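Common to both upcoming complexes is chain A, partnered first by chain B, then by chain C.
Right, the complex of A and B next:
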């Protein structure tokens, strides 16, 4: 029973990611991508019987509870299924739930929507503190950069590699982003430029991180049919919330080695009938708001051996012209509206599988893609397998 | 997790362009009921002692102590001494504010504990150009002269 087509991606839409999108409110953005996805699918709004809003975190956006005021005009809104709030994995989790509703026969076509307007709140610091255990892990200065600097320092120390090698993933992504008309950062960058960008939380520098991004995305899901990209496997893995308890050799090192993402991938591959992912996966879109997250995700997805990803990128693997491109879109380090970023990974993989990714289409049109996203402080992990 | 903590315009700064914003700030106050083991944890700090809690289901000791182990779904109550020595598991160095000194934040697995916890490393090691050799190094908790019963009561220094 593995490898069956669970649900199809009928239509997709996104808007160009920008620091500011000056001509739209949050509700306008949702409407724009919702109707874009229906137009892509050739489906009427009246034929959509489910709607899921992906949105998180709440407080960073300066937007409170938009399910009460921003959804009523959207396709499927009268069948509103709910809101997903799992931080940067929200979009991928919402897609998984939409596919599950369709596969279970509870709905014929479910629309997933997400949008962020990053300039509506001054910063993310306070919101990011709320991801940490209030009794064990809020006594030190925490930020997104700090949280991932702990991972990057440990990765460099255990592999004996320096910041120049670590910068390779960013150089790769920024070159890819230059070809992506939807990317926010579209200028290629050199290793020296990565290294000379301001230190946020050593060893993480400004260029290692995604920018703050406004953007929106929508995906319409329906029953599988021939000729359409379909989801063939999903896997999730959630660990407990205290990161310091997941840094200990012999007990749990999942905060530093992405073994939790590997557990999610194992579940997804089993459902999709993927034995060896290196042989069975042709392309990956992994959510990674910092370069270190991409390295850990490549390893967690089984596309590289543990601790091998940085060196493999330095050797030319995972680039857009290689056998297994990762983040041919430029990935989240070229633009990442948090609520939508997981959905954008689904869209980019879909476009590549369709062979319609335009200037960013990879050389060898893939047959099967892996998509991943991680929510919170490496607490929530989701993996999907899509097939052409 | 999420995106970078860029300092966007401060909340009260005027918009950079001709945008008109509608104030949507939250008017909310939130507080949490304290974890029951925080009281004995902070009381021990006042006496310059570090305590963790043993999980009876697997024998592991968690630091700082908490009343429930998510890891094993077990209520916890048996406090045990940990430290003051330990091993640095990972680190980051945060630039100082307004030309102030940088801050070295380390996750330390204290002796006798099966989890790591964040703290501040002080001493010359903070200035090392490449601090990666500190990962795996031994360190020791150092207490303030007059502990107040809070996280600020102790920090770490390298051993030896």
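Right, the complex of A and C next:
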């Protein structure tokens, strides 16, 4: 199987991302996007015969097993196929599972839904602490910011580049986000503004990080047919390892060089028949809750040589009007509801491949896109290839 | 009856004192791999896990190394064994994987300390009324008792299963409302066109609101799932074993009653729950994997068997799995 169309994206929907979505419950949000995706596809609810819920850490949200109360009335609810939980990659992994059910002939149309009400979460930091080994590394004050600060500092030291260059990825994304009607952060930002934002854990500043986001997304998957965006390859790679140990150079440098993401990408590209990704990929939507993750993801996906991404962005590459735009939507640094963020990456790539991304449509309509998502602290990596 | 996916190896560790759960997982995985002719997960190209979201205080997806996931493709479907099983088979049938290690675990002995305010029941309507899973299970029993199944029959079922597992009977409602909470780990190697126990058919149904407004009758849910089988007649043929895992012995007894009648069996039949079923060994959403393993082990290379996985507070995430028959090489 190489380059075969596995399953098609029939319909997509999302809601504008905000810090607080006070007019909706979790179930309301799922309903909005579910019916939005069906409307986009022109499919009747009775014709949906599969439903998958992507939900990243349930403890983040203070809700366990929401399928037993939040899915009632959703299309395909009586054909519920399960809840997928791989942290922030949940949406992308759930999309993969939906494609598998369709490609296997087990279902004709599978709806994937995800939502987060982050402002109602009791304790995000506490949830993130559960990414760490409770015996070996729960004792240091770990958070997403401190963990990714290790990566950013190492990247800067390795390449001899300063914070101004590193800020380029955020400036690019925020300019893109200003054109995205669904983005939470819609104000362009300058390098100086990035640098003057409060330091969270040096060298990471607040502007380097995704905001705390509420939002929702849905994708309807069906058999491939002409004229529809389709998935052509998937790959994943699990590095369960103790995150602290992987921050030490010489022990397991995948935390610092994204080689695990590269392994996932290699699997996805092989399935999709992509030889040279620089030549074969026209656009990428990568989950990156910090600017440094986007740089490492660009390199892990093989779209730039190792340690080259930051300088290439400074040189104008990967921008919306470049040959290979990355996160033309603004990416997760402009809004990232954890459960839905992987699915939003699929949606944004689909809209670009369709040529219907509105103000954020890239200059040259792409034919093939790479989508990636990461779960935990660089512990799980998933990549998909979509084709027009 | 033919199939393209087979269970090539199985492993299981279940008990109330099986030591660290990580060791139990590793042992179950080791046995499953050995059954499939492997000495390491290197021959597996994807791992699917099922169970609680948290293991020993850490996110399961980040602890998947205990199942041998390091460096491999991983998917985590924690909602039920039936969902994870369906995912594993679909991944193989769709060409995404050739050999999948499906592994699940749980620590039922720790369920007593769970916070009932955050689990499962509707947070807007049901939880303020105190609708914990235990309350919902009781409502289900009250709803069905004397109509679908007698309390005495359910108690007899629970006692029979406990006797099968060498456990003393429980008196009063505990005998039919309290599952045999335990710790456990179960693993299966599923492979395309492999020797082993064929996955003949499966189907899953779901009732997405709890408490359900309907009859809360698990036998109807089993019937509904059976109706979605591609070959429902398989369950009317003589079966070598039936294993059922449900939230309570009452729910189990109610769920399986029509199947038993169809087979001409009584609850004392040794082909019903050769392992004792979920009534004596329940460790959360992964319990259904143990039921699948037990059926596969019971029927071996001949005949057919069925595993019923009823997950959720009253078993409304229902999966019917039929095993046995020939496997077609892809």
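Here, the second predicted complex is superposed on the first by the 378 of 388 C-alpha atoms of A that agree within 3 Å, B and C clash if a C-alpha of one lies under 4 Å from a C-alpha of the other, contacts with A are read in each partner's own complex, and residues count from 1 in each chain.
We take it that contacts are C-beta pairs under 8 Å (C-beta built on N, C-alpha and C of every residue); 3 or more make two chains touch, one makes a residue touch a chain.
Given the structure is predicted, the values throughout are model-derived calculations rather than measurements.
In the superposition on chain A, A:213 makes contact with chain B only, while chain C stays out of contact range. Shared-chain residue A:327: touches no atom of chain B or chain C. Of the two partner chains, chain C is the only one touched by A:85; chain B is not.
In the superposition on chain A, A:64 makes contact with both chain B and chain C. Contacts of A:376 after superposition on the shared chain: both chain B and chain C are touched. Contacts of A:350 after superposition: neither chain B nor chain C is touched. Residue contacts after overlaying the shared chain place A:149 against chain B, while chain C stays out of touching range. Once chain A of one complex is fitted onto chain A of the other, the partner contacts of A:131 extend to both chain B and chain C. Touch criterion met: A:118 reaches chain B, while chain C stays clear of it. Comparing which residues of chain A touch chain B with which touch chain C, the overlap comprises 57, 59, 62-64, 87, 131, 133-134, 240-241, 243, 375-377. Residues of chain A touching chain C in their complex: 1, 6, 25, 53, 57-59, 62-65, 67-74, 77-87, 93, 96-97, 99-106, 130-134, 138, 234-241, 243, 263, 267, 375-377, 379-380. In the complex of the two chains, the chain B residues touching chain A come out as 1-11, 17, 19, 21, 24-26, 32, 34-35, 38, 60, 62, 64, 66, 70-71, 89-95, 102-103, 105, 107, 109, 114-120, 131-133, 135-136, 151. If you check the complex, the residues on chain A that touch chain B are 20, 22, 57, 59-60, 62-64, 87-88, 118-125, 127-128, 131, 133-137, 139-141, 143-151, 153-154, 156-158, 199-204, 206, 209-213, 240-245, 247-248, 251-252, 256, 289-290, 332, 336, 338, 374-378.
Residue ranges of chain C in contact with chain A, taken from their complex: 47, 53-54, 56-66, 69-80, 83-84, 86-87, 89-96, 118-124, 126, 204-210, 312-313, 316-317.
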